[in-house]
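Please find the structures below.
Note that chain A is present in both complexes that follow, paired respectively with chain B and with chain C.
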Partner chain A sequence: MLTTAFALVFFYAPVDADQGIIQKIFYVHVPLAIVALCGFVAGGIFGLMHLRTRDRRWDMRSYVTIHLSIVLAVGVLITGSIWARASWGQWFVWDEPMLVVFLIVFLLYATYQPLRFSIEDPEKQSRYASVFAITAGAFVPLCFGAVRMAEGLTHPQAATMTTSGPASVSQTFLISLIGMALLFVTLCKYEMASKNATFKLRALRRRLAGEDDDFAAPVARSAAPQL
Partner chain B sequence: MFLLALSGGDRYVAGAYLVFVFLVLAYLAIMAVKLARIEREVVELAEIAEQRDRPTEDKQPASERAKAKKETVA
Partner chain C sequence: MRGTVAALLAKELALELRTRESVPAMVMFSITTYVIFHFGLDANTVDGDLASGVLWVTLLFAAMLGVNRLFVAEHEQGGFDGFLLAPVDRTAMFVAKAITLFGFLCVVEIVAVPAFALLLLGPPLGQALPGLIVVLLAANIGIAVIGTLVAALAIQTRARDLMVALLALPLLVPVVLGAARATAPLLDHGGAQALPGDWLALLALYDLLFALIAYAIFDFLLED
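So, the complex of A and B:
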């Protein structure tokens, strides 16, 4: 899907009359940002489910979603900086609210892993992390909603760029967005499967160690949830 | 080198897309390393389980037995 999207970006979508070829960054930067922010919100929802059900699997989902969203957010910041440099001549513009808000959100979530790692008790760790995920997850739409309502038109708006141009722009953008969302879900499932396999192996090792202590591996302190 | 060969805006566009590809590849590489570790652990646990099922006189791990068998054949 993403390959199709990128092929459309370069062979189907028209070159922007105002920004020229650099507008093509839009098709990777904006879907990345939307998926990363949705991932943060989803992490909050999973955290809420964890607090409601006390099921550790929800905490695991919340952890994986936020972890992957942080990785995508790094991509957003780098591609955004490249676009800003090409378009405005500066790597980062401090008086641009959207950029600064995204940076604040990123820095907020950058504390998620250290927070988890600092709490030794797995039960407390998952509970506190869920509270953090819910609070920060609610902060994301609130912040971006406020900026959207208050700011001028300095930052290019995804909605304006896709609806004012030809249909090929909105179609390419939509396919890029769907591709990015599918990539996010696939990578989430991949990481979840890997984590589950690790925990099952650990449980198996503990079972075997029940008869002989030589096989018991010490459980290392980790930021990841313990199932 | 590839980026330097490009002109003006092309360079920035290529850079942005390469950053994205690099991020995804780096993530997949880290996950592959983790997967390899899981595989090693599975082999190790299988050997332990095999050792337990076997009578007490034969305590040699499967990998060592395979190695010994190879040496005998050679």
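So, the complex of A and C:
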């Protein structure tokens, strides 16, 4: 899907009149940003579910979505800087609220892993992480809503860019967005499966070790939730 | 609920009056920061945007000191256990702590804002004072609510001081932004101008939303 999207980006979508080829980064940057922000909000919702149901699997989902969204957010910042460098001549522009808010959100979420890591009790760890996920998850739409209202003039809005141009732009953009979302979901599934496998392995090993009880592998403390 | 909050507030007040841990430290910190700003900016007087920036950065970092200390006594002396054993609503703890922090901030500002006017501020404070008080109160509510939530979140971690700063500063950016933008025209070079309503509205909305969020999820931070 993503490959199709990239193929379309290069062969189908028209080259932007005043920005040239660099405008193509739009099809990576914007879907990345949208998916990362949705991932943060989803992490908050999963956190809420965890607090309500006390089910460790929700905490795991919250952890995985936030973890991957942080990775995507790094991608957003990098592609965004490249684009900004090419089209505005500067790596980072302070008077653009969208950029600043994204940076703040990124900085906030960058503390998620240290927070988890510095709480020792796993039960407490997951509860506190969920509270953080909810607070930060509410912070994200709040900030971006405020920015949309205040509205920067130079940052191109996805909606205006896709509707005002030819149809091929909006089609390519939509396919890129869907491709990115699918990639995100797949990555989440993979990470979840890998975590589950690790825990099953650890549980089996512990059961084996229980029989000749000398060999109990010590569990390293980690930021990831444990089932 | 109201009785519980009153009892907790009385405890906080007694504690602060006896130990004098938070407020004097915060006041000293803010005055020292003005001196540092004087040398750092190499300016005898400041006004407008710069003045409001200096004031708010100073107050924000002074507030961080208070936030850091907020739950330390409970954590170290087992106050959490005592509170959890009592058959009262747990949100009362949040309300009481937020009011305590709000009160601390107000007391600090009663000293720190005149000190700012004395040491650094170019234009006279008198004209700007009514508007400034409104902004200060609105920002204090925001800092108190978010500070309490973050302090409760960070108290169980090993790197408490670090986590408070890392968590609270991004969450408080909108508060500082709103407060600083609302204050800037008040401290303007040519005398105080009208209070900008939109920034104040943003501040109030942010306070309200975070108060609701914190009120809803604070319970989960106290269970053991």
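Just so we're on the same page, the second predicted complex is superposed on the first by the 225 of 227 C-alpha atoms of A that agree within 3 Å, B and C clash if a C-alpha of one lies under 4 Å from a C-alpha of the other, contacts with A are read in each partner's own complex, and residues count from 1 in each chain.
Operating definition for what follows: a residue touches a chain if its C-beta (ideal position, glycine included) is under 8 Å from a C-beta of that chain, and two chains touch if they have at least 3 such contacts.
No experiment lies behind these values; they were computed from the predicted model shown.
**Student:** Quick check on the chain A-based superposition: chain B and chain C, clash or fit?
**Tutor:** Fit.
**Student:** Of the two partner chains, chain B (first) and chain C (second), which one does A:139 touch, if any: first, second, both, or neither?
**Tutor:** Second partner only, chain C.
**Student:** Under the stated touch criterion, name the partner, chain B or chain C, that contacts more residues in chain A.
**Tutor:** B
**Student:** Quick check on the superposed pair: does A:104 touch chain B, chain C, both, or neither? Answer first, second, both or neither.
**Tutor:** The answer is second: A:104 touches chain C but not chain B.
**Student:** For A:78, is the partner it touches chain B (first), chain C (second), both, or none of the two (neither)?
**Tutor:** first
**Student:** Does chain B (first) or chain C (second) touch A:206, or do both, or does neither?
**Tutor:** A:206 sits against neither chain B nor chain C.
**Student:** Regarding the shared-chain residue A:29, is it in contact with chain B (first), chain C (second), both, or neither?
**Tutor:** first
**Student:** First (chain B), second (chain C), both or neither: which does A:114 touch?
**Tutor:** After superposing on A, A:114 lies in contact with chain C but is clear of chain B.
**Student:** Check the residue A:54 against both partner chains and state whether it touches chain B (first), chain C (second), both, or neither.
**Tutor:** neither
**Student:** Could you tell me the angle at the CA centre of chain A between the CA centres of chain B and chain C, given to the nearest 10 degrees?
**Tutor:** Value: 130 degrees, nearest 10.
**Student:** Once the two structures sit on chain A together, report how near the CA atoms of chain B get to those of chain C, whole Å.
**Tutor:** Between chain B and chain C, the shortest C-alpha distance works out to 26 Å.
**Student:** Please report the chain A residues shared by its interface with chain B and its interface with chain C.
**Tutor:** Comparing the two interfaces on chain A, one with chain B and one with chain C, no residues are shared.
**Student:** Per the contact definition, I'd like the list of chain C residues that touch chain A in the complex.
**Tutor:** Touching chain A from chain C are residues 149, 153-154, 156-159, 162-163, 166-167, 169-171, 173-174, 202, 206, 209, 213-214, 217, 220-221, 223-224.
**Student:** Please name which positions on chain A make contact with chain B in the complex.
**Tutor:** Going by the criterion above, the answer is residues 6, 20-22, 24-25, 28-29, 32, 68, 71-72, 74-75, 78-79, 82-83, 85-86, 183, 187, 190-191, 194, 197-198, 201, 204-205, 208, 211, 215.
**Student:** So in the complex, which bits of chain B are touching chain A?
**Tutor:** Result: residues 9-10, 12-13, 15-17, 19-20, 23-24, 27, 31, 34-35, 38, 41-42, 45, 48-49, 52 of chain B touch chain A.
**Student:** Touching chain C in the complex: which residues of chain A?
**Tutor:** 51, 104-105, 107-108, 111, 114-115, 118-121, 124, 127-128, 130-132, 134-136, 138-139, 142-143, 146
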